[in-house]
Amino acid sequence: MSSDSTGALPREGGPVSRVRAALLQKRTRPGEHAYTVLRWGGAGLFAAVVVALLISIAASSSQALAHSGVGFLWSGTWNPAAGEYGAGILVVGTLLTTAVAMVIVVPIGLGTAAFLSELAPGWLAGPLSTLIGLLAAVPSIVVGLWGLIVLTPIFANQVEPFLASMPLLGWLFRGEAYGPSILLASVVLAVMTLPTMVALSRTALAAVPVADREAALALGATRWQAVRKAVIPAARSGIQAAVTLAVGRAMGESIAVAMVIGNRPALPTSLTAPGATLGSAIVNQFAEASPGLGASSVIALGAVLLLLTVAVNAGGQALLRSGGGHRAGTAGALR
Amino acid sequence: MSGGPFDRAEPLTLVAEQPAAANTAASALTHGHQSSAAPPAVTLEGVRVSFGDHVAVRNVTLAIPARQVTALIGPSGCGKTTLLRAVNRLHDHTGGRVDGSIKLGDIDVYGADTRPELIRRRIGMVFQRPNPFPAMSVFENVVSGLRFNGVRGRAMLRDAAESALRHAALWDTVKDRLHQPAVRLSGGQQQRLCIARALAVEPDVLLMDEPCSALDPIATAKIEELITRLAADVTIVLVTHNMFQAARVSDQAAVFLLGEDRVGELVEAGATDELFHEPKNPRTRDYVAGRVG
Amino acid sequence: MSVASAVSRRELVRAAAQRSLTRRRINGRIAQALCAVAAVASVAPLVALLYYTISRGAQVLSWGFLVNAPTPPGIPGGGISTAITGSAEIVGLALVIAIPIALLAALFLFERSGRLAAALRFSADVLTGVPSIIIGIFAYALLVLPLHAFSDLAAAFALAVLMLPIMIRADEEAMRTIALDLWEAGIALGARRGRVARSVVLRGALPDLVTGNLLAIARAVGETAPLLFTLATPVAAMTLLIYTDGTQAFPIAQETAWGTALVLLAFVLLLSVAAKIAAWRISRRAR
């Protein structure tokens, strides 16, 4: 049973720290009880909220799951009017929009991070990265509004026809193109996850010791060679963490996606066709869901989304913590 | 080694004779017992390195003889490492400003026509803490310099890697582990790997910045032995704060101390034996006797 | 290894280095240019967002817009005052709920180490990543469904749950970096824990606490999904109003949406910039 000791790590073992430890040990004094109660109360309330969240979502989706069974997860039809509830097609939509968003975000984000961290002149890097960070503060509804009103016509009239005419990849973009589409949703997601990718990648690159870059230069490498072959590979796991966390964020975004994706829960024939994701379906369907099975099914979609995002985010956090390149065997190793 | 710590078993090797330069007390040139026709590998004249308003080291005039070990010694903070990094233009990337002239043979290192990448290939560097590229295997580390410089050819790379590793006394240890991650080696092995990596691009000069300071005594001894052997092929400039190491390993030494204005300066340079036994400058005498630094 | 081959290798390397230099430098320039393009592409969305929001929102923006209550469709002179005050009330209520709990929980984590604290920290980290729509569903299931009514309280609760994990971690971080030594000194002097906490820790860490919480507030103000599930009318909050009006096809509705978006954006950006300036000031003082 751990005593209510200080959360600090003990300093060097020695007489001073022993005295300190003795002084810091739990002593019940009058008036301390209230404080302890308050602290435990705060922590307890938070824990209760977390537990209540899990329980209420599970409970509310139980009706739908009882009705459809585990097949709910991959059943391909979402047709409330016909009483068919299956998350499968929506999971596909979520994964698809996230994947396309990542295709856009990862190169641009990494390139930007490399620019800010290694290639930009000193006076530029700070203000520029602050500016990019501000993008993260923009509420998702504003991005969605902009996507809906400004981007939709541009995409329908210019971008999508242009993409459809491209020699190699044009087939991805052929088909109906009247605006709301998987592609547009992916672009909106890209805009929203870009700051995360840039910030975390930049941290990963900055964490690479200067000595690595200098070692490459000392061999006769150009600056870019040093960045590409020495710095970026050393930052690999931090960059992976950045991508994973960006994916988690993209999967969970619902409002902005709902506004631009067209709300059609069917397998898309091209990227320019409308589609639906877990988040967008919840937003679009919630108001009209029939109480009971309908509402429960929408909430069950939320449960699926919760599982997905928690899994991805936990993975991302673990990657962040496991840190970057190892330097084993230095300083004082034998032999 | 017999006798006291500053005695050396071998006779002095040939030292290049230099024309006289500035006559200030603080500047010194290498003197030779015998003259030799071999031109110095690196010549520094009036070199000063500063960061903004702060001068780190100044007024260094020194000739580094070819194919010998020259040690830059002195207490820490006197500008030895800063000076070393000026030789291979690392200060291009740190914001340091280098005045004066540094020449590799006839080539002005800081000349307008000189390409830094090419000069850096010819002047290799080994750093204080072993720094193999963590994302690469042993083999990839050794040939990384060659790849940077546009050498392809698998056979060529393999031969070069073996040769470099043999020169660094590491081949037998790693020949069966060439494709394992380099970070799995011990500290001493990693440092020898870094030496092999630097050697692989066939430099004329090898700069070593306190290469043993992060290593245990046994690894240190191996590297010191390696240094004396390598000097036959490549000129070595060694920064060390360890006088005994300098005495063990170097042919020439240059002593750097802090001037009154806390700027590093070259106090005396000469054959290692002379410097330690019959120093000409009283400040050198104080440093060598342990009274200073 | 014969001397001849060693010499020829030396020559080969020298030649290869020389020959490849131009190509290597050109590659570097191209790569640098591409990275610069990427950086521009990273700033472009913000610029575009600001441009459109400001230009379209400003058309509608007026003193009346801010101050008047909404009028039925077709009747001019309406404004979004109810949405503004609604947002303020809901966020304010959320803060009243979240700030004390976050502070106490952070004090708990600050003092304890061990599996319980680790589990709590882990759940806080996980909870920050939970999509806001899930939190909306949670508030709906907990407070709306049983009471058969939407309510401001439910909305405030949802926002509080959203802010709670962010605030807890930020608070604990602030306490650890600033006040650890102060706290130990206070305890060692024999003072009661609660007193030490109040006078030393909280006071010392106050600037950092405020900064960390400002960002959480900025995030909460901009959330829409939780409000979808808990509020009855769109005019009860700015974000909800933007969503309802923005998705309608009528130009007037869309204009209102832009105007509201401008107000919201201005507020959120101001808050974020204030938080950044405060953080910068604090780190400067620490130096």
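When the chains are written out, they are named A, B and C in that same order, and each has its own residue count from 1.
The definition used in the following text is that a residue touches a chain if its C-beta (ideal position, glycine included) is under 8 Å from a C-beta of that chain, and two chains touch if they have at least 3 such contacts.
As the structure is a computational prediction, the values presented were derived from the model and not from experiment.
Enquirer: Where's the contact count highest, between which chains?
Expert: Chains A-C share more contact pairs than any other pair.
Enquirer: Compare the CA centroid of subunit B with every other chain's and tell me the farthest one.
Expert: C
Enquirer: Hey, how far is the Cα centre of subunit A from the one of subunit B, in Å?
Expert: The mean C-alpha positions of subunit A and subunit B differ by 48 Å.
Enquirer: Just give me the whole-number Å value for how far the CA centre of subunit A lies from that of subunit C.
Expert: It comes to 14 Å between the two C-alpha centres.
Enquirer: If you average the CA atoms of subunit B and of subunit C, how many Å lie between those two points?
Expert: So the centroids are 51 Å from each other.
Enquirer: Listing for subunit B: what residues touch at least two other chains?
Expert: 117-118, 121, 148-149, 201
Enquirer: At least two other chains touched by the same residue of subunit C: list those residues.
Expert: 17, 24-25
Enquirer: Among the residues of subunit A, which are close enough to touch at least two other chains?
Expert: 220, 222-223, 225
Enquirer: Name, in rising order, each residue of subunit C that touches subunit A in their complex.
Expert: Subunit C reaches subunit A through residues 17, 24-25, 27-28, 31-32, 34-39, 41-43, 45-46, 48-49, 52-53, 100-114, 117, 120, 123-127, 129-135, 137-138, 141-142, 145, 161, 164-165, 168, 176, 180, 183-184, 187-188, 190, 192-195, 197, 218, 221-225, 228-229, 239, 242-243, 246-247, 254, 257-258, 261, 264-265, 268-269, 271-273, 276.
Enquirer: Where on subunit C does subunit B make contact in their complex?
Expert: 1, 6, 9-10, 12-14, 16-21, 23-25
Enquirer: Under the touch definition given earlier, write down the residues of subunit A that touch subunit B in their complex.
Expert: Residues of subunit A touching subunit B: 209, 211-223, 225, 229-230, 233-234, 236, 324-335.
Enquirer: What does subunit B use to touch subunit C in their complex?
Expert: Against subunit C, the touching part of subunit B is residues 115, 117-118, 121, 146, 148-151, 156, 159-160, 163, 201-202.
Enquirer: Taking the touch rule as given, give the residues of subunit A at its contact with subunit C in the complex, in rising order.
Expert: 2, 4-8, 20, 23-24, 29, 31-32, 34-36, 38-43, 45-47, 49-50, 52-53, 56-57, 59-60, 107-112, 114-116, 119-120, 128, 130-132, 134-135, 137-146, 148-150, 191, 194-195, 198, 220, 222-225, 227-228, 245, 248-249, 251-255, 259, 279, 282-283, 286, 299, 302, 305-306, 309-310, 313-314, 317
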